[in-house]
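Every chain is named by a letter (A, B and C) in the order it is written, and numbering of its residues begins at 1.
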Amino acid sequence: MAGASYLKDLWYVAGWSSDLAPGERVGRTFLDQQVVLWRSADGVVSALEDRCIHRAMPLSAGVVDGAVIRCPYHGLEFGGNGRCTRIPAQDRVPDTARIRAYPLVERQGLLWIWMGDAHRADPALVPDYPIHEDPVYAWRSAHFPVNGNWQLLVDNLMDLSHLPYIHANTIGGNPELHFSTRTRSEKLPNGVRVVRHMPDSVPPPTYVDAAGFTGRIDRWQEIEFEPLLIRIHTGACDAGTGAFEGRRDHGFSMRGFHGITPETETTTHYFWSMATNILDNGVPDEVFEQTARTFREDQEVLELQQLRISADPGHAMIDIASDVGGRHTRQLIARLQNEEMSGALESR
Amino acid sequence: MAGASYLKDLWYVAGWSSDLAPGERVGRTFLDQQVVLWRSADGVVSALEDRCIHRAMPLSAGVVDGAVIRCPYHGLEFGGNGRCTRIPAQDRVPDTARIRAYPLVERQGLLWIWMGDAHRADPALVPDYPIHEDPVYAWRSAHFPVNGNWQLLVDNLMDLSHLPYIHANTIGGNPELHFSTRTRSEKLPNGVRVVRHMPDSVPPPTYVDAAGFTGRIDRWQEIEFEPLLIRIHTGACDAGTGAFEGRRDHGFSMRGFHGITPETETTTHYFWSMATNILDNGVPDEVFEQTARTFREDQEVLELQQLRISADPGHAMIDIASDVGGRHTRQLIARLQNEEMSGALESR
Amino acid sequence: MAGASYLKDLWYVAGWSSDLAPGERVGRTFLDQQVVLWRSADGVVSALEDRCIHRAMPLSAGVVDGAVIRCPYHGLEFGGNGRCTRIPAQDRVPDTARIRAYPLVERQGLLWIWMGDAHRADPALVPDYPIHEDPVYAWRSAHFPVNGNWQLLVDNLMDLSHLPYIHANTIGGNPELHFSTRTRSEKLPNGVRVVRHMPDSVPPPTYVDAAGFTGRIDRWQEIEFEPLLIRIHTGACDAGTGAFEGRRDHGFSMRGFHGITPETETTTHYFWSMATNILDNGVPDEVFEQTARTFREDQEVLELQQLRISADPGHAMIDIASDVGGRHTRQLIARLQNEEMSGALESR
């Protein structure tokens, strides 16, 4: 787990569109590389190496001025393509005066960055997340720093059997219901899909509060992983009204987006949004607040795990029955890591 | 001094009985190993590796439930012998599902742990400390974290010539009296004994306060080291009333217990108790409070020493005359380290 | 830049005379070596290795008593030459009981220390700074810790083209004036001199406030580097009154002293003073306060640079036109480093 190499050739979430108003910038580390994200006056977001070519000053300490970002130390200016456009008190700017620019795509409220070989950065590969643009849904987003390796967060999200333990006081619910529910995991061409269906079950209190269920429900948890994000659809309809045959419009839906971007080997950016379909009584604030509380509980767990792993990185771990989805995920990740290392990405 | 290997095959103090009520647990590091100590509902204290076999979660973040401790992440349960007794959502628990259990003995208010080879963990070797059960004495205990290597704490306790300097404002007393007192150090089969006798001397203010001496006293400091604890008996009787011939019941006695357990190479658990014989005017609270203040002064010294040693670990040190007890102690420790390394422990 | 070896055979600023009253001591690290500076009861300042020969205790935690400094642990005492003068409870003090003493000279309000070979420590080589004793000037001093390598601070001071950026809100002034001003850099036998003259220019607000200029001014910035300090003379006279021909008594002068002493590879002691000629309206407090604010801005820059350099020490940097003075300085430093390494210091 520790020492795992990063997957490089994919679109990672770098942030939320709402993180950057025009003229704003922010410094972040992705895959051990320091990056400045900034939005020009006319709205274009760029991602550059966060280090001036001159004296290593972080550009994220500088200012955005129109279409350039200016180093705060001696005033060198750079465009979104990394090209230095001005060196004060010097007439000529040499061609070699440029810093690394990372491909960046802004779409559906998300900023996507490509940390690997820029030649492979095909915008058509940016993951699609139409929920953020669907008027049926209301959503909010967050950015949580996690003091743990990115694979620990993947594990966490792919195996929801931890709910009755870690989240006993939030979304946990009845442990016996969790254990008696079969978990099916299916390998996809570039992903893993885990499904748990709980037909004709008693609704948890939060579901009753949010959606006003009065009787038993057909409930689902559907988790889809693709590198390196996870979509989780949980929800319920009144029992026997067709939820498992695809008729869910009349029910209660929570759509979780989980962007997982390694910061360093032991820290991770966790960009998540939670969307719920807008019900008669409006958007349930409580759903969002409880989600945030729940993910804070996960943060604490991952940090504790990482402490133990860092203390003894070679120590073996064992899998248990409920790890089926996580195991499929790790197999896929291992395959992709091998492909990246052997340069066989073309065949992917 | 730095880089010294730990002595492993001995009973170390892991804590005080009073640290753990039934159903409580605490995580501690001993000799670089993370351990969870916990007391079952029916009172038995166990010591396990503080890391779940599944995903490295610290069990000390979990809960004790009857006779097991439960991992807070996915609910795996373990008995006091380290055997996993339950894996939720899995019928069979394989035999190999176990974590390391450390031999632990609870006795005389102390928890003793064996960090070395469990086959050598003979409960008969647990050091005896009947003072904790002697109705003549009242005692209190403490657990001080020390930011210094364990040998620095041994040195500190074996050479009380630092009293007039470090403890000038507490138990220091008259420097000249200290220097004029001969220190005798004697090697024991598995220890060192240092004795300083101060016949017919002026009582220090604290002795007068605590025991009401009105004239001169016969005073003693007797220090006994065995790996890895130190017993210190200090006290006084009215001069000429037989203290040095063994008649001390009528005097004032302070019995210090000093359990020294390495946490890491540069940090140490200091478990100490101070007992005093119960006098007519009751238990002198002041004795205990002053002892705590004094040991805090020592903590600061050891931390400063460690800073210098860590900055230049190979730097030589010199011994001075008053190091005779400490030198004997280090010779004994070096011999035991050699024996452990050569596997010659049988002959000890 | 990182990993640069220190220049050792020179007089470094160790502190200000005012840092130590008689009987006071302070621990500081220079060139990775821990030093205690202390002033005896009769006023002599000494510099010793800050580690007792006995058990590595920092002497800076001890006390000065007359002409000696006493270890706080077991009371060993040392004179200013590093010789141990007393070991409590031991009759003889061996000749070998000594710690390293560093040559130290106190002069013109400054404490100068020699960290290299003591045999080369010629007091005649102590840099002269008569401004501190010139009644024409009022001055104040400061000691700023800088979280950056010492060469970053040298670069910062040798190239004032950063003024309009970093110090836009303090002494920055008009960027265009800065860029249109020619910077001349001249190599000296053991130094570098950078001169910028701004004849017939508009006075910056602070100059107007401090000196009451009513019209245009002849302004100068003159920077002199010698290892490892920088003297900066900035100021102005009414235009056309002879400033560039050496007649400056009637003008406004700011004399900056910048002592740069490496603490570690990534931290630096910055000892600076600012002197201004005393004008009719007294000493301008505002000058000193603004200088302090300005240098705090530089501190922040150097810390940010160091973060990036430490993250990727091998990363190349490029020079720009305004680096001419800094480049000459680095060439001189590189030459001196080579000479120290090849033992060719005699020819310097």
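The working rule: contacts are C-beta pairs under 8 Å (C-beta built on N, C-alpha and C of every residue); 3 or more make two chains touch, one makes a residue touch a chain.
What you see is a predicted model; the values in this text were computed from it and never measured.
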Original post:
In degrees and to the nearest 5, what turn takes the CA positions of subunit A onto those of subunit B?
Top reply: 120
Original post:
Same or different: do the copies subunit A and subunit C touch each other through matching residue numbers, with over half of them shared?
Top reply: different
Original post:
At what distance in angstrom does the C-alpha mean of subunit C lie from that of subunit A?
Top reply: 49
Subject >> Multi-partner residues of subunit C (each touching 2 or more other chains) >> reply: none
Subject >> List of subunit A residues in touch with subunit B within their complex >> reply: 1, 152, 155, 159, 161-162, 164-166, 175, 178-179, 301, 304-305, 307-309, 311-312, 315, 317-322
**OP:** Give every residue of subunit B touching subunit A within the complex, in rising order.
**Re:** 34, 50-51, 53-58, 61, 70-76, 87-90, 96-97
